[in-house]
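Two complexes, one shared chain (chain A), two partners (chain B, chain C).
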Partner chain A sequence: MVSAPVLVGMAEIHVLRDSGLLSCLGLGSCIGIVMLDPETGIAGMAHLMLPESFSKKPTDKPGKFVNTGIQELIGQLERAGADRHRLRVAYSGGAQVFKFGSEAGLKLDLGARNASAVKSLLDELGLDTVAIDVGGHTGRTMTFTVETGIVTVRTVTQGESVLCQLR
Partner chain B sequence: MSTLTLEDILSKTSDLPTMPAATVQVLRELDREESSAQSVATYMQQDPALSARVLRLANSAFYGTPTPIMRVGDAIMLLGNINVRNLCLVASTYAWMTKPLPGYDLGPGKLWEHSFAVAVGAELIANETRSAEKGHAFTAGLLHNLGKLAMSVWLENKLQAIQLLAERDDLSFDETERRVFGFDHAQVGAHLGEKWNLPKPLVDAMRFHHNPDACDPTSSIVDCVHVADYLASSLGYGLGGDGLRYYLAEGSLTRLKLNADILEGLCEPFTEEYDRFMKLFHEKDAA
Partner chain C sequence: MARREGHLNLLELSAVREISTIGLEHATTALSELTDRKLLISAPHAESLGIDDVSTLLGSAEAPAVGIYMEIAGDLEGHIAFFLSWDSALALWDILAGSRPKSFDVSDKQVAALLEAGQKINESFLSAIAGMANLQLEARPPVLAIEMVGSIVESIAAEAEDKQSYLLSIKTRIRDEQGAIEGFFLYIPAAGGLQRLFQQLGIAEAA
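And now, the complex of A and B:
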C-alpha cells in the first residue's frame, strides 16, 4: 500500500527516518529542499519562502527563511542522528512572475533570489548538492520517497518526472 | 478563436455562486455614513448563521471580554466595521470558494487560500500606502478571482495545452485565455460581479487585477489587489496550474509609491498578517 505523503506546508520542516513520503505542494517562488543521510536513512524536507528575515525579532517559524530554515533542517536531522557531512541535497522551486519591466524587477524576483540564497548557503556549508530544478513560471510539486531516495517534480506542462536519486 | 460569449459561459455553467441577500444588505449598510451598529445588526439578524458567527468571534479568546456578548449589535460595536465586513465576506464565500477547480489545477481549498491571501495582502498594502480604504481592499482581494469559478469547467482537460501554447508564443496566462476563449477569467469575474450589482470599484478589481494600467481612471484598490496577487502567488498561497505566468505592472508600484525594497519588506508582515487573519476568520477556527 502506498502511504500518503507528509505535506510540508509553507515554512514547515519535517524529518522522517527510513520510510515515508515528503511533499511540497504548489511551490511558486518558494524553495522545497530535501536532505538525506544515506547511511542512517534520516531525511528531511523544508518549504522555504523568503531569502532572509528582515526584522531583528526572533521568528517562531525558522522554515520561512532560507538562512534560518536550512540551518534548522540540518539541526533537526542531526538531532535525529544524521551526520551533516553525509547529507545529500536536492531542491526545487524558485519560479518567477512572467515579466518585469526594468532593473527594479531583478530585486523583485523572489524566485531567483531564493534560489541564489539557497545555493550560496549550501556552498558555504559544503553540502553535496545532487540536483537543482529552479526558475520558470510554473508552480511545482516536489515529492521525496525516503526508502528509495527518489525526488520527483510535477508541473502542469511536464507532468511528473524524476529529478534525482539521493541514495 | 472561440465563438463563446461571456453570457454563454455564465448561462452554461451550473452551480454558479450566489451572494446571500443578508450579506449584500449588511455590506451596503456598513458603507452608509449614517449607519450604526444597531442598524447593521438589523440586517445581519436576517441570517442566523451569520449572526452566530459574529457573536462567536466577539466572544472568542482573542477579544477576551470580561462578560459574554449576547446581542448582535454589541458584537458589531466590539468588532468594528472592518472586522464585521471581512467576517461577513469570509462567511458568505467560504463554501463555494473551497471547492476544487480542476480546470486551474486547484485542489480543495486552494482558491480560498489564494483569495484570502490576496484579501489580507491588499488590506495590508492599502494600510501601508494609505491609498485605499482597508475594508474595501480586503473585499476586492477576496473576490478578485471569482471568474475562475465559472471558467474552470471550460479549462478542464485543456490546461496543459493552454500552458504549452502560452510557452510556445511567450504569452501570459490571461493573454492565452483570451486567445483561446475570447476573454479571460478576470473579464468573466467582472461580468458576474456586475450581475450581482457589486460596487464598481470591486468590479474593476475583478476586471483589471492582471492589467491595472488599463483601468481608466486608475484605481488604488485595483493596484493594491494587483500587487497583493503578485505577493500571494509568488509566496505560493493557493498557486494553481496557471502558476506565475502573469505580468507585474510597474505602474501599480509607481502609483502606490512602492519600490522593490518596500515591497520585499512587506513580505514578512504579509505572512504574519495571513497567519493572524486565518486564526481570526477561518471557518474551522471560528466554528
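And now, the complex of A and C:
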C-alpha cells in the first residue's frame, strides 16, 4: 500500500518508525534534513528556517532554527529509541530562489547561511552525513521513504531524482 | 482562542484590511494600465499567520510560479510580493513582451518586463498606504523568482521571521475578465512598521 507522505511544514519535526514517507514540500532558503538509525528503523525529518536562535527565552518552535532544530530532532529520535552514533544524515534546500533583479546577488543569503550552519553543527556533532544537495536557485521537494532509506529530491525543471540511500 | 504572540486583534486586522483595499485598488489600476485590460479584484483576505500555515498559503506548494519580491525600508518596514501562477505569467508575457518563454528558460527581456510590472504593482500598493498614513516609504529594487510557489513564499517568510515581523498576509486575487491572468499579493509588515502605521492611523494598540 502506498501511503501519503507526512508533510513536514516550516519549523516542524516529525519522527516515524519502520515505514512511511516524510516530505518537505517546496524548500527555498529553508533546509530539509533527514536522519535515520538503520538498526532500529527510526527516522525523522526537520524543516529548518533560520541559522540560529537569537532569543534567550526558549522557543516554542525549536524546529525553526538550525541549532535548536537539529538538537531537538536528535532528541526525539533518541527518545524513540535511536542511537545518535548510528544516525545517517542527508539534507537539502538552502537555495536563493530569487535569481533575477539587480539586487538578487547582493542579499538574501539566508539559504547559504542556513546550509553552512547545518554543516558546521553536523561536523561538530560528528554525525555521518551521507549526502548534501544545497544552494543554487532551485526550489526543492525532499522526500524520504523510511522503509528503503531512499531520499529523493524533486525540482520544477529536473523532476525527481534519488539523492542517496540511508540504509 | 488565546491571542498568540505576534498576532493582531480584530480591530487591527480590520484596519489592515481596509488600508490594503485602497492599496490594492491602486495596484490593480497600475496593472490594468500596463496590460490595457479591465481587471477584477477580490476583497482582500487579511490574516495573522502561524509559520505552519505558510507553505500552503497560495495552494499547492510545488506548482511553478513567478514571484516579484521587494523589501520595504523606511517608516513602513516590511516585505511585499506579487505572485503569478505560471500560466498567468505566460499570459502577462504575451501582453507585455509580445512573446512567451518556451520553457522555464526566460530571456532577459522577459525577466525585465515582469520585474518592471511587479515593481509598479508593489509600489502603487505601498505608496497608497504611505500616502494615507503620511509615512515615508523606501522600497528596495525588486527581485524575481521562477520556482515552486512554496519555495518562494517560504524564503520570504524566513526573511520576515529573521527580522521578527508579524506574519500577516494580505492575500488578494487580481484577475482579468477572461480569467487568463490571476495574481496574488503577499504583504508582511515588520512589527515596528505596523505599529507606526497604527499610530498614524490613530488605532491604539490593544493589550
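Simple rule for what comes next: the second predicted complex is superposed on the first by the 155 of 167 C-alpha atoms of A that agree within 3 Å, B and C clash if a C-alpha of one lies under 4 Å from a C-alpha of the other, contacts with A are read in each partner's own complex, and residues count from 1 in each chain.
Assume contacts are C-beta pairs under 8 Å (C-beta built on N, C-alpha and C of every residue); 3 or more make two chains touch, one makes a residue touch a chain.
It should be emphasised that the depicted structure is a prediction, and the values quoted were computed from it without experimental measurement.
Novice: In the superposed arrangement, which partner chain does A:139 touch: chain B (first), chain C (second), both, or neither?
Specialist: Both partners, chain B and chain C.
Novice: Check the residue A:3 against both partner chains and state whether it touches chain B (first), chain C (second), both, or neither.
Specialist: Neither partner.
Novice: Quick one: is A:12 in contact with chain B, with chain C, with both, or with neither? Answer first, second, both or neither.
Specialist: So A:12 only meets chain C here.
Novice: Who does A:53 touch here: chain B (first), chain C (second), both, or neither?
Specialist: first
Novice: Quick check on the output: what are the common chain A residues between the chain B footprint and the chain C footprint?
Specialist: On chain A, the overlap between the chain B and chain C contacts is residues 10-11, 25-30, 49-50, 64, 95-102, 104, 107-108, 110-111, 137-139, 156-157.
Novice: Once bound in the complex, which stretches of chain B touch chain A?
Specialist: 105, 107, 110, 159-160, 163-164, 167, 172-173, 230, 233-241, 243-248, 250, 253, 259-261, 263-265, 267-268, 271
Novice: Going by the contact rule at the top, pick out the chain A residues touching chain C in the complex.
Specialist: Interface residues on chain A, with respect to chain C: 7, 9-12, 25-30, 49-50, 61, 64, 95-104, 107-108, 110-111, 137-141, 154-157.
Novice: Tell me, which parts of chain C touch chain A in their complex?
Specialist: Residues 51-52, 54-56, 61-62, 64, 67, 69, 71, 103-104, 111, 115, 140-155, 157-159, 161-162.
Novice: So in the complex, which bits of chain A are touching chain B?
Specialist: It is residues 10-11, 25-30, 49-50, 53-55, 64, 95-102, 104-105, 107-108, 110-111, 137-139, 156-157 of chain A that touch chain B.
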